[in-house]
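Supplied in structure tokens, the structure appears directly below.
Chains: A, B, C and D, in written order; residue numbering restarts at 1 for each.
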Amino acid sequence: MTKTRGSGFGARASELAAIGRRFYARGWVLGTSGNFSAVLSRTPLRLAITSSSLPKGTLRASDILECDEHGRVVSKTKAKPSAETLLHVEIAKRRGAGAVLHTHSVWSTMLSDAWASGPEATLAIEGYEMLKGLAGVTSHEHRVIIPIVDNDQDMPRLARRVGDTLDRHPAAHAFLLRRHGLYTWGATLADAERHVEILEFLFETIGRTGGKPSWQ
Amino acid sequence: MTKTRGSGFGARASELAAIGRRFYARGWVLGTSGNFSAVLSRTPLRLAITSSSLPKGTLRASDILECDEHGRVVSKTKAKPSAETLLHVEIAKRRGAGAVLHTHSVWSTMLSDAWASGPEATLAIEGYEMLKGLAGVTSHEHRVIIPIVDNDQDMPRLARRVGDTLDRHPAAHAFLLRRHGLYTWGATLADAERHVEILEFLFETIGRTGGKPSWQ
Amino acid sequence: MTKTRGSGFGARASELAAIGRRFYARGWVLGTSGNFSAVLSRTPLRLAITSSSLPKGTLRASDILECDEHGRVVSKTKAKPSAETLLHVEIAKRRGAGAVLHTHSVWSTMLSDAWASGPEATLAIEGYEMLKGLAGVTSHEHRVIIPIVDNDQDMPRLARRVGDTLDRHPAAHAFLLRRHGLYTWGATLADAERHVEILEFLFETIGRTGGKPSWQ
Amino acid sequence: MTKTRGSGFGARASELAAIGRRFYARGWVLGTSGNFSAVLSRTPLRLAITSSSLPKGTLRASDILECDEHGRVVSKTKAKPSAETLLHVEIAKRRGAGAVLHTHSVWSTMLSDAWASGPEATLAIEGYEMLKGLAGVTSHEHRVIIPIVDNDQDMPRLARRVGDTLDRHPAAHAFLLRRHGLYTWGATLADAERHVEILEFLFETIGRTGGKPSWQ
């Protein structure tokens, strides 16, 4: 366990709540959409994660709970973890991510719907300086692939599909759920938040130029 | 009467004012547009409702008054209730709603104008994860119908038309007044505010993809 | 003189500064664009008006000065009044307005450019509920005419052209300067600010539906 | 040296940090994009400049460092200056600018991509009143030329290309890096910030009217 529960959980919970309020202000998590997590320990896997069905504009640290690698709540609380906890667990395991953020923006919803469906659906982005803010990207000439996964209310099935997609795209920084939103992650919460901002910027830019990158 | 006038009215008035300031910040109630109500009691029906013709960016609890089931003011005040009080009463009665919120956004105004007129005009939305934030919707595969009602300055006549529309669409969470705006409601103010955010998100998404849902 | 200089000027100056900061937050007076005035007295005519070339995000009451009916500064100050002071004077005189507000938004700039030039250029808006927030309009079925005046750096000449336009359109609540921005006014600062919000809303709505009202 | 290091650096650092937070709020420097500098002295040339790879929403004066005319850090700090420091130095030298600001907005990214590539690529803007906020422009009839420079990760090479472009366009107030963003400058930080606001306004206006100025 790299971090003790005490200070680790409290600090992560406060940061997750602040991220939620910032994303709400930008219109990326309206309604009760969006959920956010940070890894507290690896062995055993423990996540700090948002409770289910909360508005994000007033999110507080006390709205964050702790869950294990099966998405079961470890904290003493009556609250339920986000319905999409299994997706967070899947990403934390397969990517070794320290934080996972999920948003529902207008532009990500639109772009997720602009490509044919099926396991091969991807959004490719290339040529933008802003790409350099993604971990490991050092030139605007880099081609970033964002898989698009069909939405599903069966969470174990969707988690497996997400797992398969992550395995097929080992370099991906993010994926889109169709007509649903963005999942991205990073080594730290700051990295994951930066990824959200960069990808939202790129989605808006591509969306405004006609829904498909101009170089296609 | 499920709630006493004292604490109930004051708390609801503060919440209504805070909602008005939040909606103003997002540009959903510019000018003096928009009006908001919360049910204080059912028998007899009493509503806390915004006074007429106020800017919403500086709305305070003292700008809220109390009215009865005929839209008559019960509070000791010289202020007039919103001109559209009868619509709030109609919705509170027919839906058993605990709160009714009315906004004038750019996207709702545009979408309300994109379909043919007449009593059968509706906007259908389907396939978006965000729909799950509407009360009782549990899958993105749900089809939500939003009736579009022609605008009218004759309030009793418009209230009857709204009543008929609500009866014809018993599952509707909301309706649009043509070139006017959105009415939605919920069991609580929090539910109604969530509905506004979700529907505004969907209107913008559909509006940006060309004014009609892509699956039509 | 309906108001004394002392309290009148200070109160108006604070209100003008607060309006400037609100409009800046919405992106309606970027750079050093925009200027605002309030009538302090009618006989002789005295205006509180923004100094020239100031950013509006940090506008303070001390940035407001007093000028007479010829646009000459009456306050003891080295600051210059807005270059467009003569337009404010013209509107205050011909309309009896108590306040005049001028903004430069993206949508007003775009719409001002979408119609043929010449003295007959107008933007007509009809059918929107939001129109009822304009002084004297009681139904969405009202047709509002907004004249479009060609821009000019010769202020006395532009002021005469504005005067002629106001005379030709006695019912107009506002006019657009081509590729420049919006002028509107009201009996009070609150009325004029409401007019700005309503007209900006309508410009964005019309602009997003293709640059021309759909009913044309 | 026109300003002493002491008070000069601290004041400039605070101003640069405040500009960063304002631009972040408008969505012009998402991720860790954008960098800002102010000239502290001319002989020898010294710049206060943002450290590399920082989010701008929480920028503080302590995130600013001092560098010389070769882009080398002069401050005692382990932080690295912005990767694009050489571009700031180039602009400060060739234009005598007192401040240089670089932003990554959606509209500037889109417009930088809408013209053919090559050393002759330029965006011409004419006819807008807002142009008068650019230093030395006194009429909307002025034609402003904004060169578009192809992006490059080789900073010394890009700095030379920028230098050549500045020499070829001695009247330019700004240039665009293709699919990257805006560089503009001014005699003071306030002038440079005003230029950013004006150019962003014009990019959005031109972008929304179809990506090319309507008079072309």
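The rule is simple: contacts are C-beta pairs under 8 Å (C-beta built on N, C-alpha and C of every residue); 3 or more make two chains touch, one makes a residue touch a chain.
These figures come from a predicted structure and were not determined experimentally.
Simply put, subunit C must spin 90° to overlay its Cα atoms on subunit D, rounded in steps of 5. Counting every residue number used by either copy at the subunit A-subunit B contact, under half are found in both chains.
The greatest centre-to-centre distance from subunit C, using averaged C-alpha positions, is reached by A. We define each chain's centre as the mean of its Cα atoms; on that basis subunit A and subunit D are separated by 32 Å. Chain centres here are Cα means. That of subunit A falls 45 Å from that of subunit C.
Contacts with at least two other chains are made by no residue of subunit B. By the contact rule set out at the top, the touching chain pairs are A-B, A-D, B-C, C-D. By the touch rule above, subunit B contacts subunit A in their complex via residues 22, 26, 127-130, 133, 138-141, 190, 193-194, 197-198, 200-201, 204-205, 208-209, 214.
Across the complex, subunit C is touched by residues 27, 30-33, 55, 57, 104, 106, 109-110, 113, 151, 153, 177, 179-181, 207 of subunit B.
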